[in-house]
Structure formats: C-alpha cells, structure tokens
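For reference, chains read A, B, C and D in written order, and residue numbers begin at 1 within each chain.
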Amino acid sequence: MTLPNRPRYATRLNAFKRGKEGIAGMIAHAGEVGGLSAADLNFPDHFEAHSAAELSDLLAAQGMALNGLAMRYYTEAGFKLGAFTHPDRAVRRAAIDVTKRGMDALAAMGGTVMTLWMGQDGFDYSFQADYARMWDDTLEAMAEVCDHNPALDVSVEYKPNEPRAHALMPDMATTLLALRDLGRKNAGVTLDFAHVLYAGEMPAKAAMLAARYSRILGVHLNDGYGKRDDGLMAGTVHPVQTVELFVALERIGYDGVIYFDTFPDHGGLDPVQEARENIRLTERLRAIASGLVHHVGLAEAMARQDAAASTRIIAGALYGA
Amino acid sequence: MTLPNRPRYATRLNAFKRGKEGIAGMIAHAGEVGGLSAADLNFPDHFEAHSAAELSDLLAAQGMALNGLAMRYYTEAGFKLGAFTHPDRAVRRAAIDVTKRGMDALAAMGGTVMTLWMGQDGFDYSFQADYARMWDDTLEAMAEVCDHNPALDVSVEYKPNEPRAHALMPDMATTLLALRDLGRKNAGVTLDFAHVLYAGEMPAKAAMLAARYSRILGVHLNDGYGKRDDGLMAGTVHPVQTVELFVALERIGYDGVIYFDTFPDHGGLDPVQEARENIRLTERLRAIASGLVHHVGLAEAMARQDAAASTRIIAGALYGA
Amino acid sequence: MTLPNRPRYATRLNAFKRGKEGIAGMIAHAGEVGGLSAADLNFPDHFEAHSAAELSDLLAAQGMALNGLAMRYYTEAGFKLGAFTHPDRAVRRAAIDVTKRGMDALAAMGGTVMTLWMGQDGFDYSFQADYARMWDDTLEAMAEVCDHNPALDVSVEYKPNEPRAHALMPDMATTLLALRDLGRKNAGVTLDFAHVLYAGEMPAKAAMLAARYSRILGVHLNDGYGKRDDGLMAGTVHPVQTVELFVALERIGYDGVIYFDTFPDHGGLDPVQEARENIRLTERLRAIASGLVHHVGLAEAMARQDAAASTRIIAGALYGA
Amino acid sequence: MTLPNRPRYATRLNAFKRGKEGIAGMIAHAGEVGGLSAADLNFPDHFEAHSAAELSDLLAAQGMALNGLAMRYYTEAGFKLGAFTHPDRAVRRAAIDVTKRGMDALAAMGGTVMTLWMGQDGFDYSFQADYARMWDDTLEAMAEVCDHNPALDVSVEYKPNEPRAHALMPDMATTLLALRDLGRKNAGVTLDFAHVLYAGEMPAKAAMLAARYSRILGVHLNDGYGKRDDGLMAGTVHPVQTVELFVALERIGYDGVIYFDTFPDHGGLDPVQEARENIRLTERLRAIASGLVHHVGLAEAMARQDAAASTRIIAGALYGA
C-alpha cells in the first residue's frame, strides 16, 4: 500500500556507539540498518571532532538527510542546576548562546528543527526554586532563541522528570501554555511516546492538544510501562495507543520524521537489529492505522463512545480477532 | 498570631452523613466541629428536600456562610458517558441546563462560586472518543455556563481520573489551556491537593501557573500518596508541600475558603474529630507558612536553588531541627 | 484449533444489573452473552433473596456451572475498618463466621473455590495500624477459614489499594509470604490482571512466583493503565502481557475458569456486548499464546534474552508484522 | 538526650567525588562533614587504586569504621544483561566470583555486611526472559555467595527498576520470598527508603515483614516522591513515614548503620553541607521517634485504628500542633 506524505525514519545515533567511537562510527553503523533516511545530531557534542560540512558528508554517505539538531546542556558544561533556569545569569546566558550556535550549525547544514530538551530545568525539593522566575527566564530565553533565526523551527521536548525530580516542562499542556505565551510562529512541540505515557497522558489526545494550540515538530517513538523513560522498541507495550497516535498524526497531516528514541543499550540488544524491529513493527502499525483513518464504522462507534464496537474493529485490524 | 486575609474553613458535608440522614443532619453535625464558618452544597442532590431559602437558614443556624455550590452530574441522571462531552446532544443540553439552574440557586443564596468537577467527561479506551469534539463541546458548554451569570465565578476542579480512566481535564495545565481559550473573566480553577499530587504536580508550582494564567477560585485541602484520590487529613503525608502551597497562596493573595475535601468515612474516622484535626494541623502549618513568606534567608537560598540551606530553614520552622 | 484443558469463562455478574434487579436478572442477562459457562456469586449479598438451591437452578437454566463464591465484607455490615484485621475482636469473629457460612453455601452448591478479597484489611495513615498484629490476625483467621472445610480451596485476591489507601495484601509476593506461613494445602492465590499491573508486577512473572510457592486458584482477566483498577476489557491495553500470561498459564497447567472482572458500567458499555468482546479477544489471544508455548525460536531468543528476536516473533504472531 | 543502641551514620562516598578524584579524595571530603563514623565502599571500583589495608587506613584517618562493601556489577564488565541472571553461564560465574573476592576483601578489612544490589538482574520486555530460570540462577548464586563465608552477612538491596525496566527483586516481599527459600542464616535485606516508596510500600510495614521473615542488615535513608529513585535528603518529603520507620527500627532493635543514599550531585548541592542536613534532620526525627516508642496514648489510638487521635499526637510531636 502507499502511504502519502510518508514520514521518514531516524533513530538515536548514540545507541550505535561502540566503545570510544565517535559520531562518524555511529553514523556508519546506523547506515547498516537500512531504512533510516534521516538523522538528528546532538549539539554541541556531536560537533566536537567534525565540522558541520564534514557531518553533512558523513550523513550523505549513508543516504541520510539531516532532520535536525538536539541541544544537550550537560552537567559538565556547568548546567547541573539548570540551563535557561539556572540561578546564575551568566550560566543562563551561556545556555542561550550555545543554543544560538547550535541553530547556526543547523542552518549551515540545511536542517529545519532544533529540539530543546531542557532536562536540567527543574527542581528537586519544595522551597528549592522560585517557580515564577524559572518560568519567566525560560520564556525570555526561548524568545531569544526563536528570534535568532525565524526560518528554523524550535521544538520543546517535554519530560516529567530525570535528571531533576520535577521538570519545569513536564507534560504537553504545560508546554503548550508556555508556547502560547511565547507567541513565536517558529516554536512547537516534540511528542516523545514514553514521556507522554509517564506524564499520564494518552498519546493521541496529547497530539490533538498540540495540533490545536501549537504545532507538532517532532515525534519520538518508543514504548514503556508508563512509570519512567523506559526507551523500549516502538509498539512493544502499547500497540493500540501507538496505532491511535498514528491515526491522529495522519489526520493532523504530520509529515515530519519518525525518530526512534530507544535504548537498545539498556536491554543489551544489538542496535542494528533493534532499529530494524522498530522500523518493521512501526510500518505494520502505521499500515493498520492508515486503514482506520477513514473507517466509517469506527467513526460511528467513536461518535457514540461505544468502546465495545470500536474494540471489535481495532482487534480485527490488529489481531484478526 | 493574627493572619491577615485569613481564609475561612469549610468541609465536605457528605462526610457527616449518618445512615439515611439528609442534608439538614449533615449541616448540624458539621456545626458540632466548631471552626467551620463556610460550606459548599452539592447541586442538585443537596436541594432535593429543601429550598434554597431553607438551606440558607440551616447554614445560618450553624454560623456558616454559603461558600458556593458544586455540580454533581450523576450516573443515575444519565451522565455516565459524560456531561458536557456526552455523545448525545440532548444529554449535553441537560447538563448545561442543570448547571444553569445550579447557578440560579447559587445566586439566590448569595454564594459566589460554582465548582465544576466534570468527572464523567473523559474516556476509558483508545478509539473510544473523539478528543477534539469533546474539547470543543466542553468549551462551548463552559462558555454558555459562564455567560449565564457573569456575576458568579465558575471554577473547574480537575482530577486525573475516576470514574473515567482518563479525564478530559486531568491536570492544572490542561485546565488552564482550556480556560485561556474560553476567555471568560468569571472562570477559574480549583486546586485540590490530592488531585494535584496524583497528577504528578508540585502544588505550589501548580498555584503559580494558575495565578499567572487564570485565577484560583477554590482550594481543596487533603493529602494522599500521589497515586489516587486518597482523601486523607490535610498535612498528614506532605506537610512540606502543604506549607509551600500556603506560602504561594499568601503571596498570590488568595483569601477564599479552605475546603477540606477528605474522606473520614474511608478510614472509619469520626468526621467531627477528623474535621477538628484538619483545622488544627492546617492552622499550625499556615502559621509556619506565614513566618516564611518574608523570610530573607529562605528567599536567598531559593534564589541560588540551594536546597540544603532552605531545608535547614524549613526543618527548623517545622520540627525545630 | 483445539485447546486442551480449555478453561471456561465466567464474568462479573454485577455488571449485568439493571436498575434494582436482583441476582436472578443478572444471571439471565449473563446467559444472553453466550459463551459464559461458569459463574461466581458474591457472599452474602447474592444469597439475600434466594437459597443456594435456587441459585443453582438459576445458573443451570443458563447452562452455567458455579465456579465459586467471592466474599464481600461490606462497610454496612460493620467491616469499614477491616474484616480479619478489624481492631475489635468481635468484628473479626463476625468476619470469620460469615466466611465459614459462605464456605458452607459453596459446599452445598458443589463449588470449589472461595475467593477472599480483603479490601478493608489495610490502613490509610502512618501510625494508624499495628502492622504486626494485622498480619497475625489475618493468618489466624485464614487458618480457621481453611480448616473449616479442607475439601474447598480458599484463594486470596490481592489488590494494592482501594478502599483503603494501602492494603495489607497488596501484591503477589506479600500474599505468597502469608500463604507460605499459613501452610494450608487448600490455600492459594487469585491473579487479577489489573491488580497485577498497578502493583507494578509483570503478569507472567507473578504467575511464575505463584506456581512456585503456592497455587493459582483463579484468574481475573481485564486490563488497565497500571495506575488503578480500571476494569477495562481483556487485552485492550496490554495484549502482549496478556499473551505472555496465557503462555505461562498453559505451561503451569492452569485449567480453572477465566473470569472477566471488568466494569462495563464505568464506560457506559452494554454488558452483553462487552462480555462478548472479552471472550472474542481472549479467544484470539489465547490461540496466539498456544502457538507460542512450544515455539523453538522464541525459546532460543528468550534463552539469550534477545528481545529484538523475540519481538519479531511476537509481532509476527500478533500483527502479522 | 541519649539514644541507646544508637546507630552510626554513613553516606554515599561517590557523592563527594570532585572531578577525576579517586576514593582517597572522597573519603577525605566525607571526613569534613563531621558526624560520619562509618562508610561503605563499592567493590570492585573503590579498590582499583588502593589495597584493602590502604583503604582501612584512609578510613581510620577520618575516624570512620568500615561498615561494609556494596557490589557493583558494571555494564563495562560485561554485566549489562545481568549478573546472577545473565543468560551466559560464564558471565554468571564471573559475577559470583567477583562477589566472593569482594567478600574476601570485606573480611580482610574487618567489615560485616556485603550488600548486593542486583540492578542488572531484570528484564525490559515481555518474552525477553525466562523468569523461572532467572529465579533459580539467583538463588543458586546467592547460596554460593552466602556459603563462601558464613561469618559475613549478605544483604539484598531491592529496587523496582533501573537500569532494567523491571527488576527480578523489585520489592520487600519478593526479596523475602527468595531469602526464605534460600535458607541461609547470614542472608538478609537492606531497606532503601526511596526504593521502598516507589515500590508502593509503607516503610514501617516493610520493616515489619523484614523482621518477621528475615533480618534487616542495612538501612539506606533518603527521600523522594514515590515514582523513582529521587535520592533526596532524608526526611524532606515524607517526615511522618520516616519517623514511623524509626519507631519500627527501634522496636525491632536495629542497631546497624544509617546510610544516607542521597544524590546531592543531582540537585547541584554541596555534598558536605547536604550530608550535614541529612544528619541534622535525621537526629531530630529520630529523637521524636524515640519519644513515641513507648507513648501509651499513641499505642491506644493505634490499637483502635483511630488515625484522628494518632495524628493529633504525631502532629504535636513533630510540629507542636
């Protein structure tokens, strides 16, 4: 079957790291998977040993287009207590500046999306942080980042916690509140399936809110048990919620990259084989989803909230039940 | 010590129900507590046997002012599949109409806040509901309700789940997104401590967001273990988070009622004795909070996110440590 | 295909209650489902209007065998603070005595399993209960109950919480610790899928522990999101975990009843239609499981913990991926 | 006040690591805290640059006694897929052997407790692992380890997950089931407060089970929000549960070390200052606990499960309420 506006696949490059290998090796191993036609690079760490031009060549050699960059505000770089929310103005400035440099690199490479995961921007204790100041500082920093290059998209990837016990941007709705207040057209949100699950959200509902109040600029696929960022292969625990998300994305018209944010390293899996299973299962579940997008009986069952009838249709499509 | 703008206390009247007693008996028992100077009534069930005028007299006889009404969309009344989100337009209309009648009763009694807990407005399964339609229907219904009497406040009390497996309004930020879209000045949010906890939120941070993007129209105090709506006595599990919330409320200038939404019935406690412990512990924790609102050392520790220093101050204030 | 030792199906009769209908009506409606060949009755409430003999006749008329009885220690009967753990010796005695009467009724009807869900036996607060005394009292009560009729099986259905905030028997391993200490051959455990999930357990692993240290005397099938007792249709959220459980049960040789402990009432579903979907989806997932029990490639993948390889096999079996 | 059988304090040495400093530096910094009279070392990593004798001298120079060793089965050493449960017999052998060498080092240094945190011994996916084989292999390995030197205690520190999505030993009761089956007198359990919380357990109840069916050989104090291993300062989130645990430990007669297993690094705290707050707050909460151990009114309230009365006593003791 043909899938119009078919998203391309990318995957977490660090999963392919062997020993002390650098980014060149990771890209080469990702190329072995077959079926990965896009990649995201981390900034600044993936740019330590290679220029933007060299990285473009390395990707091209594997038939991969650069999807975007993802900022990493590492502890070692002084961001342990926060990046955009760090109590020290100088550190906040450094976080903004490194993000701008990342955007310059992104533009130089012809990429389109800068993903911000502000993992250190949170708090561990009551009475540790001034929440209002953190919120203001984040909005101010994001405005400066967005305005640095309005031709590029800037996407917030929320996550409930880790490394901080509470993140400032823990879930979809909090992120959307911030984005609405920010008011920048080039800002949007990245939906990470496992983050969505352990934020207590239903993925397709989170997608609906995102499409209504902002734009979905990235989709990170994986799975988990809804308690932490398990990073399991896509579709392995919540196939029905995955299919429902695909239906929602197809309705919304999302045609960006599907990025597998999984941790084969945790479970001791071979990353090439694991990436292939991600693709295989995703292709199957997406094909099932495509068959449901215009399913009249399903639409009718949902219009009357008849979960018995819709379950019959879904179980038929998935398991032949 | 004197607490300026001191909120009054109310408590869940149904906790006082003995046998098949009606609302008159519950109010009388609540009067035995001492210290409860306000009450919320449920609509329509608390109005079954008495007129609004009679209810006002019953409250006055116990020295209680009416704080507000809380809508109940009961299963028996046909709202099992939803009130404002019910798939059947006629049932949605009935939900809106009963809410308007509740607002009329509220106005007649001189109350100020109508609390909406839209517990049936959610879903249990993927592919059960059309999330976008539910969202639209809720906004449309709320607009009609708010516009019915702009002199009254309308407050949304969110809750992650129960009875539905997922609520449409599960957390503070989702509620605030809806309220911003709604754009009614008489709309706001009720913060229920146990709901906040099991939504994975930090109470004082939720209060910050509410004050920034809407108004806090009600505070339901209780406690729990962060997994469900335990309804335990206020301050019994999370005293530090309770104190931090009080500090936030005092800074925001919240001077509404503190309503104890606890379930003495679950633990087999005497509701009068339980209500007294709610008041006693709350008064103590609020006094501690008042001493922290302008604490210079605490503000300095928080300005540098120094949780060791702030913990020393908090532990000193709470435990004399 | 033929399924040797094929378990029969039963379902929660209270789901079929319409209005103020009694147990006779519920049984009749359950008969409409088709495919339900067994039933469990609650004691004492299902015995209020009918004798044991009459109930046997009502079941027989629908082609249903009695699987067993399930004790209900209702709040109204004085068990709010506990049944076997109630602080008052007289109430503990009443709980034991009503359980014995239930066993007598069970024996009279030719049933085999008495299920104990000790939902009130828990605590809400720290410093509310003497855990050691509760544990002793429970073991003592269970011993008396088991010894009342060693020809009947007595099964503990654990659940993490609700109505109490913490249950004394919240998970499989705690239950097995108690059962080992109890040392009665006619005691065992009932595995409820949704309880297992929100106890944080993996169902097939819980089954392994149960088979190793006790006996599985009942399986309650349903599904949920791992946070509370959602009571969704079997297989609708965790199909892979459901299939893995079926494989484990087939290996263990469990040939008891599969009881659907679901709440169609919560989601407003028609209970007859919902029960049919429970059976249809369960039959399909069990057939898939049967094909995996002796799958050599799967066994090899699991022997080396190769989740990529096993996922390929499972996804192929489930989705044709 | 004097505390009989007063436990000594130890803390996580890795929290004191600055830059690339080794164990000698960490011990020196721990010495700056004051009040730390014991230490645990990790095996084998803390023994890389120093002999057992040298480490003893380093500890002695800071006035610290060695409490025990804690095994670390690192990914780099080949234990990614498991230590005692690794699918490869040779790796399981290596795990057992390195543990025995750790016990030899422990004996040489005069320590008494070997703590086993079997973090890699778990699984991520359904159909990834043969649970029964993992269980058998673990019991077999533990038997060999315990029998290697019956004069030393071997303690299992359970944890629900991380790095694996599910641990084989996730909670107290599962650990106790294994320990009972193991049947070794020198085996026991370590209770880590944050692990207990996110296993869904009540700490004092877990202690009761441990004392009844095994021995508590270690107590790791910290705090968290019950969702993951937050590693917050002791008593900062759950002071009441911490006090209840102290009461339980005093009743049980636990006189071992209190080890602060906290992560000051996560929140960017100074580890010396953070350790001092751990000690200060713990001393205060333990003093409060000691005053409650023989409190007649509290015992009477608990005997009738009267949480309102016990809350009044506890709030009075903690907050002067």
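Heads up, the rule we're going with is that a contact is a pair of C-beta atoms (placed from the backbone, for glycine too) under 8 Å apart; a residue touches a chain by one contact, two chains touch by 3 or more.
Going by UniProt, the chains are A, B, C, D = Sugar phosphate isomerase/epimerase.
Keep in mind it's a predicted model, so treat the numbers as computed, not measured.
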Interface numbering overlap (same over half, different under half) for chain A and chain C: same
Higher-contact pair (C-beta pairs counted), A-B versus B-C: A-B
Most widely separated chain from chain C, with each centre as the mean of CA atoms: A
Computed distance of Cα centres, chain C from chain A, in Å: 39
Where chain B and chain C are represented by their mean Cα positions, the distance between them in whole Å: 36
Multi-partner residues of chain D (each touching 2 or more other chains): 81, 123-126, 128, 166, 200, 225, 227, 233, 236-237, 240-241, 267-268, 305-307, 311
Contact set on chain B toward chain C in their complex: 80-81, 123-126, 128, 161-166, 224-225, 227-228, 230, 232-233, 236-237, 265-268
Residues of chain B defined as touching chain D within the complex: 200, 225-227, 233, 235-241, 264, 267-270, 273-274, 276-277, 280-281, 283-285, 288, 305-309, 311-312, 315, 318-321
Complex interface listing, chain B residues touching chain A: 81-82, 87-88, 123-132, 135, 160, 166, 170-171, 173-174, 176-177, 180-181, 199-202, 204-205, 208-209, 212-213, 240-241, 243-244, 298, 301-307, 310-311, 313-314
